[in-house]
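In the two complexes that follow, chain A is the common piece, with chain B as its partner first and chain C second.
Let's turn to the complex of A and B:
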């Protein structure tokens, strides 16, 4: 199980701004180690953000996303106290879900 | 960041020493007041010496951080445009070291010192001690070093153990996250030059070409009630920069004050003429070197100086 995400969600006007810092190696599969062996790919493939049982963001990622990815986006609606739930799944089928309260 | 802090400390020592050794020779500076020393003396040491009273919570720190710090350092301290504050813990010994405040600092008290000394970048030293404690707590929380509910004060900050407590190195560039050092600065331990010979220096003709710099330095004068008499006039003349070109007993570029006094000894109108001459400038009387107008000197000071000169320029 990976380290928890850091999530910040704030109401800005009539929308909600969400910032997420995920903790993940995001290995591309292109790098080689000191022995010349390819380091196997290991990266997040799917990201879903759910607000009140409604998906507000769904993304498919590839190996070009940096290590410990930072994601920032806005969606219409959302009120103080609402919960948002963020889930990622990587290519090892490892997954992590974290929840945050909109402030 | 460390070299800045150390540099500051070193500079302070150097200033302190040179002020003590050369004060009489160059007549520079003055003894600082207790309040001034207190304002400068803000260093916090690894053992916590110098930490002020106060306390701050992670939650307070987050509010402050979002308002004053996040625009440069990123919401989670992740921005590498400036100094990344969080992340990279445990990577220093790897082939891809990530140097951040959290991963490379060896003492949390240094973080407090740095924030108090230098942050926010556009308005350093504007934070209260409580705010610095709160921000320190929040940055430590970003690195998962203290829990989200933590409240830091002097004792608890000293007790924080940074992940890199025993791994601090100086073998990399200090100024930039990815930098390489300017020099390894390794002391020569064998096969060293026995006698260092100076092989080049300022050529003879260039030595002393600026005269005595000490005499041309603008001197600091303590704010005080206007004194009277010769001592006050000399101080005023030094402060106004007269001594850059004039000596009391010996001429430099302009005439000596005693010679001026002698020349106008029996001239009743000399005072008014010389006051005008100081204010507007002149040349031709003592040689071709012109004296520029001294409009920056207050009229009362000019009159006092001229009176003192015409009175014989005595002590």
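Let's turn to the complex of A and C:
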């Protein structure tokens, strides 16, 4: 199981600003190890951000998203104390969901 | 000694069962409905990507703006990219890197209520044009920006 995400969600005006830092190797499948063998690709493919059962952002990623991915965006609505839930799924079908409270 | 063995057995047994269950696809996975467009992520050119996305050729648009995006990236492994789309009815925003082994880097679906503006970090193998591809009201729009990379981020 991967390390937890760091999520920060703050109300800014009438929007909620979400910043996420995920912990993931994001191996491209292009690199070779010391023996010259290709290191298999290992990366997050899907990301989903949910607020009050509504998806506020859904993403598909390729292996060229940087290691330990960062993502920041804003959505309308969202009040202090609301929860947002973020889930990622990688190409090994490993998944992680973390929750944060909007501040 | 005996205890250890039993513990190990129990742990081992549990693991096997879990693995079996997972292999059989019985483990409930909330995200099972997720799709990942393998074809689009294997493309080498904008034309191919558009075909994989079943979209028409994108129209160049100055309503797509890069922000917090460097002209020169010292480290290609971590290149910050920020994109805002001022195109009305923006549905999705994609990031493409022309000279990466596979062009498409990320696609974000932006539902109504979410601002069509986001930032993330990507990897770039070498100096290249970066495209911001926006789908709005069923049509595609694109803007690009060249980012110079001093140190490649895709192996080597």
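FYI, the second predicted complex is superposed on the first by the 103 of 103 C-alpha atoms of A that agree within 3 Å, B and C clash if a C-alpha of one lies under 4 Å from a C-alpha of the other, contacts with A are read in each partner's own complex, and residues count from 1 in each chain.
The working rule: contacts are C-beta pairs under 8 Å (C-beta built on N, C-alpha and C of every residue); 3 or more make two chains touch, one makes a residue touch a chain.
On a predicted model such as this, the values are computed, not experimentally measured, just so you know.
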**Report entry** Fit or clash between chain C and chain B when superposed on chain A
**Finding:** fit
**Report entry** Touched partner set for A:70, first chain B, second chain C, both or neither
**Finding:** both
Report task. Pick one for A:46: touches chain B only (first), chain C only (second), both, or neither. Result -> second
**Report entry** chain A residues touched by each partner, larger count belonging to chain B or chain C
**Finding:** C
Query raised in the report: Who does A:34 touch here: chain B (first), chain C (second), both, or neither?
Result: first
Query raised in the report: Of the partners chain B and chain C, which touch A:6 in the superposed model: first, second, both, neither?
Result: first
Report task. Check the residue A:56 against both partner chains and state whether it touches chain B (first), chain C (second), both, or neither. Result -> second
Report summary line: The superposition places the nearest Cα atoms of chain B and chain C at a distance, in Å, of 8
Report task. Across the two complexes, find the residues of chain A that touch chain B and also touch chain C. Result -> 70, 72
Query raised in the report: Where on chain A is chain B touching in the complex?
Result: 6, 8, 19, 21, 34, 68, 70, 72
Query raised in the report: Across the complex, what residues on chain B touch chain A?
Result: 74-76, 78, 87, 95, 142
Query raised in the report: Residues of chain A touching chain C in their complex?
Result: 15, 26, 28, 30-32, 45-46, 48, 54-67, 69-77, 87, 89, 91, 93, 95, 97
Query raised in the report: Across the complex, what residues on chain C touch chain A?
Result: 29-31, 34-37, 40-41, 77-80, 97, 100-102, 104-111, 113-115, 117-124, 153-155
